[in-house]
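Chains: A, B, C and D, in written order; residue numbering restarts at 1 for each.
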Amino acid sequence: MRQISKFRIPAFVLGAFAAGAMAFGAAAAAPKGAPKSLKVAFVDFFSGGAAVFGVSGKGTSEWLVAKWNKEGGIGGVPIDLVLVDEGGGPKKQVSELRRLVLDEKVDAVVGYTSSGNCLAIAPVAEELKVLTVVHVCGTHRLTEDNKLKYVFRTAANQAGDSVSLARYALSVNPDIKTIAGANEDYAWGRDSWEAFKIAMQRLKPDVKVVAELWTKFQAGEYSAEISRLLAARPDVIHSSFWGGGLITFIKQARPRGLFDQSLVLLSTGEQVLQNVGKSMPDGVVAAPRATAGFFALKGTKAHQDFVAAVYAHNKRYPDYPAYRTYQAWSGLKGAYEKAIEMAGRWPTTEEVIKAFENLSWETPSGTVTMRSDHQAVHGGLVGTTKFSKKYGFAILENIVHHKAEDINPPLGTKTLDWVRGIK
Amino acid sequence: MVAADDLNIDVENGELVGIVGANGSGKTTFLNLITGYLKPESGRILVMGQDTTDLAPRELAKRGVARSFQIPQLYTNMTVLEGVLLSLAATAGESSNFWRPLHRDPWEPEAWEILNRFGLESYANRPVSELPEGGRKLLDIALSFALKPTLLVMDEPTSGVSIEDKFQVMDTLIAVLREGDITTIFVEHDMDVVQRYGKRVLVFDTGRVVADGEPESVLAQPEVRRAVLGHE
Amino acid sequence: MTHWMDWRALPRAGVVAAALLILVPPFLPGWILFVLTKAMFMFIAVMGVSVLLRGGLLTFGHALYYATGAYAVGFCIKWLGVRELLFLIPLGALAGFIMAALVGIVMARYREVFFAMLNLAFSMMLFGALLKLYWITGGTDGLAIGTATLAGIALPGDSYGYYYFALTMVGIVTLVVYRFMASPAGYFLRAMYDNEIRIEYSGVAVRQVVYRTYLLAGTLGGVAGVLAAFTIGHIVPEDAFWIQSGEFVFVALLGVFGGVPGPMLGALVFEFLQTYASKYFPLAWQMMMGIIMLLIILFQPGGLWAIYQRIEARITGKDRGGDHH
Amino acid sequence: MNLLTIIVFDAINYAATLFLLSVGLTVVFGVMRILNVSHGGIYALGAYMGTWLALLVLEVDLPPVLTYAMLLLGALIVGFLLGPIIERLLLRRIYGSDMHIQLLLTFSILLILDDSMKLIWGMEPLFISEPYSMLGRFKVGGIIYPWYDFVLVGVSVVFGGALVWMVRATRFGKLVIAVIHDREVSRAIGINVNLVFTVAFTVGALAAALGGAFVAPKIAVVPQFALEVVVLAFAVIAIGGMGSIEGAAIGAVIVSFARALAIHLAPELELMVVYLIMILVLVIRPEGLFGEAELRRI
């Protein structure tokens, strides 16, 4: 086994990042029964239009795992990182998950960006009894349609984004009469639009839906869809496009004046700011689907260090997938360390699960709390795009921060029921 | 271009009719017409008193019209025996049977008999590709013969066969056909063959029949010789 | 190309293959068993493609039947809650059969590249429908399948029980295809590759030959789809996508030259290749598959079966060049 | 009425993209009788190479108008490099093989090309929008279109016209027609059939790369988009008639009209409608609208 004590790092470095690490970050030796290493797979898109997410996810994971291993790993056990491509569709992911568990014998899996994939693997992860930490996937159905034991989601679902986008839009223009949606034709797009539409109708009952467009997952061509949106002239356009699909949409829609004509709300807009550079129009409402953005440093040193370190490693500022990747890894680490503390030895998966439930931990962007339904809650923000000379691309301004309890359905309430009841 | 024009030909049961003509005189087109491969633009075709103008080759085959080809049409990746078995299976209406293996069926003895008659038994279990040219020609006819036709149409049965083998091939053929009392029409390039084996000969020129009768008398006519051998 | 009809090699190679497939799995780790199970349904789907190929008919849309079988299961589970294999296997077969009976009416008129393209078009139609009819099919997300039952007993997709059930299906399919290929219908199919003119002049409709074979291939596709759905536990519109059809043809090429054992060899090699290509080259597994496919086409056009035959010939010291004794 | 105008413009717009995507495929099939599945890969590679070069121009602060030249240069590099390599090294070995061998060989080339782009240019999309927005825009029926869209239409017309001219009016075109008509006879009378094949495949590759490079500024240049697009090209040329340049144009127009109609009127049918048309056309006229039926000689 690796001699870990040589690399001991003062506890305060870790302390800011993971609450559980406080007690064990400085631990000299691994607990009784500890394995040689903790094998964890990281699954994200390394191919296809969604690969921009994988770039952040992979870079952040590699940086984080290397850093932690230097500091002693999890409870003295180094992490062995296995990278897996999320491309190829839900079916391939189900097969890959079986391979990871049965062949590679991973101890845990972190990942899944696509809602289609996370819905598909959840029942299989349960069947295989493998601890799975979902990091980005946003459909509320993951935790509501499944009785989850082994699967956790360390980030809020799409409801918060949908609701806060609706509120934000009304604050920009209280007189919205017509809305339209352009979303991808699968769980994420369908659920995001559903929640947004309900929220909008609840907040402004006379609002009318003038177009609902469903495009193929990561389609590369939206000309006709843009024409339809231009012709429908809605006051507000909601889109949950993401990754390569969103980039293409912006590229094709901007020269055609779509952003001038309607107020456009992009629920994942923050993620592509660095990709589209000057092509991002000002005045688009965008959310980073996490509690913070690198451009809105909330003063804590931990957050600033995180941004600097991720930038140094990824050559890209941490976008929301990077934040969410951190949330997932640090949640997993926190759960293990809490379980080790409780058990006094290396914990079983069941004990880690127990420790994970109701765990609260600090991340660069604030406190994340894992509820007993395996859905984490945290705050969020929404802002408006504005080109920044300093960065060379647009960032968000006029930011509104939301507290966790304002944008997450309370435990036991179905997401859409909660949206139907918002005021 | 008209490949067959104003043809009016009656063939009696059991007759053995040879057709001669220069290249492009419409002999093969005539065969294609009466076997259903081509449809006439006008006129009707009657075979054994039935109008067959609109019938496809397979429907004619079911009515007893079989055909061999100038270029042998064989199942090149099968054995000689398998090919004959397939013809027998087709005749027996067994082509859609997808369960009972072909080899175990009762017509295997019959297939051997046919191969014996055509002198192909030594090749029975060898692939068609190993047959010499004369053998390919015979097999092509054997496949048609196995369909038990009442009318057999042959397109140049001796083309591609060496001069020495030619008469042997024809002897074999004629004997088999006589035995089966099969009405036969054959197109032939070779005057000697027609003269020796035909009981009646038709001469084609640019899609028309220019002469019809006993081989000796017809082939003696100078205009026939010019029409048929004009290029020589 | 005498090896196209090498079904008679079945008894010897088949017995060895069957013995290995029956006896070895209990000694293998669970993961390998899962890959083997995948190879089983792959084999059944590929048998359909390879039977058609023996008539010279290339399909670039066989995923149509595979997806038909898979979604037949999906809808049964979604609407009826039925997950009984003894019901779903015949249902999948029937669904594939009916689909083939309808599509085949059109298809029987076509050959060569038109046959390939028209099949592609039909499968892409289904793909489009599965993708776009979100409320029925779940769109891109597909449908979760879960665990099958056999006579009421739960049978997880990666269990030994399921493997042996799949193997039994493989046995039945093998028997059916074997009998079919040895029957007059099978002979006429292969005769089609040689000479359609002769068949027509024998009084047999080539269209009938195509149609019958197409029905068989479609039925096998349906059965494969049912097994696939439960093995993997999830079905998606990509089951009908052209890449899936391309994989079937690839596997058929890997092994088509060996009648029944050839595609089995092909399916096994393919599944392991794909698994380990994506394990060791997560960023370029497609490229690895492409390179392997390329090398086989350029340097081993006889497929894996030809390699096997060469090895066998060396061992037995017998030349199997002419398979017609 | 307004809606109809929009549909027509959307359709013309998309038809240009589809034509550029498909025309090379039909050229290669026409001359070589090979359905080149790797076509989509060459198209994608053209898009990558063109975009990459154009980005270099922007990076070193050269005038953005040079990006157009770079798109063209990228296409030329890909076409002239890849065309002869694929034809000489790989395709030449399988002429006369069964169709499934030919299809699988080009399929494997597609898989290899597709991943190599990922290895060369990484997983992130290559993003360039200047060439698309630089030319300004105009309004039709209250809807804004960038001029670039119609530059693409122009490029398609010019390129398609040039190809038709090449086949109809040049000596090389006559050689090509001879080879299409009868390979063996052509060889016998001294035509260098191999050279004709190399040139034809290179023209096809060039067409693909050009299409990719010029469509790139308006689409997502992402890993694996080749797999998605090539099947659309199949549909276009099957409808138009495989081997016919005019057919590719008609096919592109039909498919894009159908798709535009579907998106505006019945979005659920968007994907199905293309293949539905393909089936209808093939059922009624198997050789496609402009294809020629091949007669079998006995």
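Assume a contact is a pair of C-beta atoms (placed from the backbone, for glycine too) under 8 Å apart; a residue touches a chain by one contact, two chains touch by 3 or more.
Everything numeric in this text was worked out from a predicted model, so none of it was measured.
Listing every chain that touches chain A and chain C alike gives D. Compare each chain's C-alpha centroid with the centroid of every protein C-alpha atom shown, and the nearest one belongs to C. Centroid to centroid, with C-alpha atoms defining each point, chain A and chain B lie 78 Å apart. The distance from the centre of chain C to the centre of chain D, each centre being the mean of the chain's C-alpha atoms, comes to 32 Å. Note: centroid distance chain A to chain D, computed from Cα atoms, is 38 Å.
One simple way to say how far apart two chains are is to compare their mean CA positions; for chain B and chain C this gives 42 Å. Counting partner chains per residue, chain D shows two or more touched chains at residues 118, 123, 267, 271, 298. Of all residues in chain C, those touching 2 or more other chains are 131-132, 197, 283, 285, listed in ascending order. In chain A, the residues that touch at least two other chains are 46-47, 214, 216.
Looking at the complex, you find that chain D touches chain A at residues 2-3, 6, 9-10, 13-14, 17, 118, 122-125, 127, 129, 132-133, 137, 141-146, 148-149, 217-220, 222-225, 228-229, 259-260, 263-264, 267, 271. Within the complex formed with chain A, the residues of chain C that make contact are 29-31, 34, 38, 131-132, 134, 139-142, 144, 146-147, 156, 158, 232-236, 238-239, 275, 278-279, 282-283, 285.
Residues 35, 56-59, 61-62, 66-67, 69, 73-79, 82, 85-87, 89-91, 94-103, 105, 125-127, 143-144, 147 of chain B touch chain C in their complex.
Partner chain C is touched in their complex by these residues of chain D: 35, 90, 93-94, 97-101, 103-105, 107-112, 114-116, 118-119, 123, 227, 231, 234-235, 238, 242, 267-276, 278-279, 282-283, 286-287, 298. By the touch criterion stated above, chain A contacts chain D in their complex at residues 45-49, 51-52, 54-55, 87, 213-214, 216, 218, 220-221, 223-225, 227-228, 230-231, 244-245, 247-248, 251-252, 254-257, 275-277, 279.
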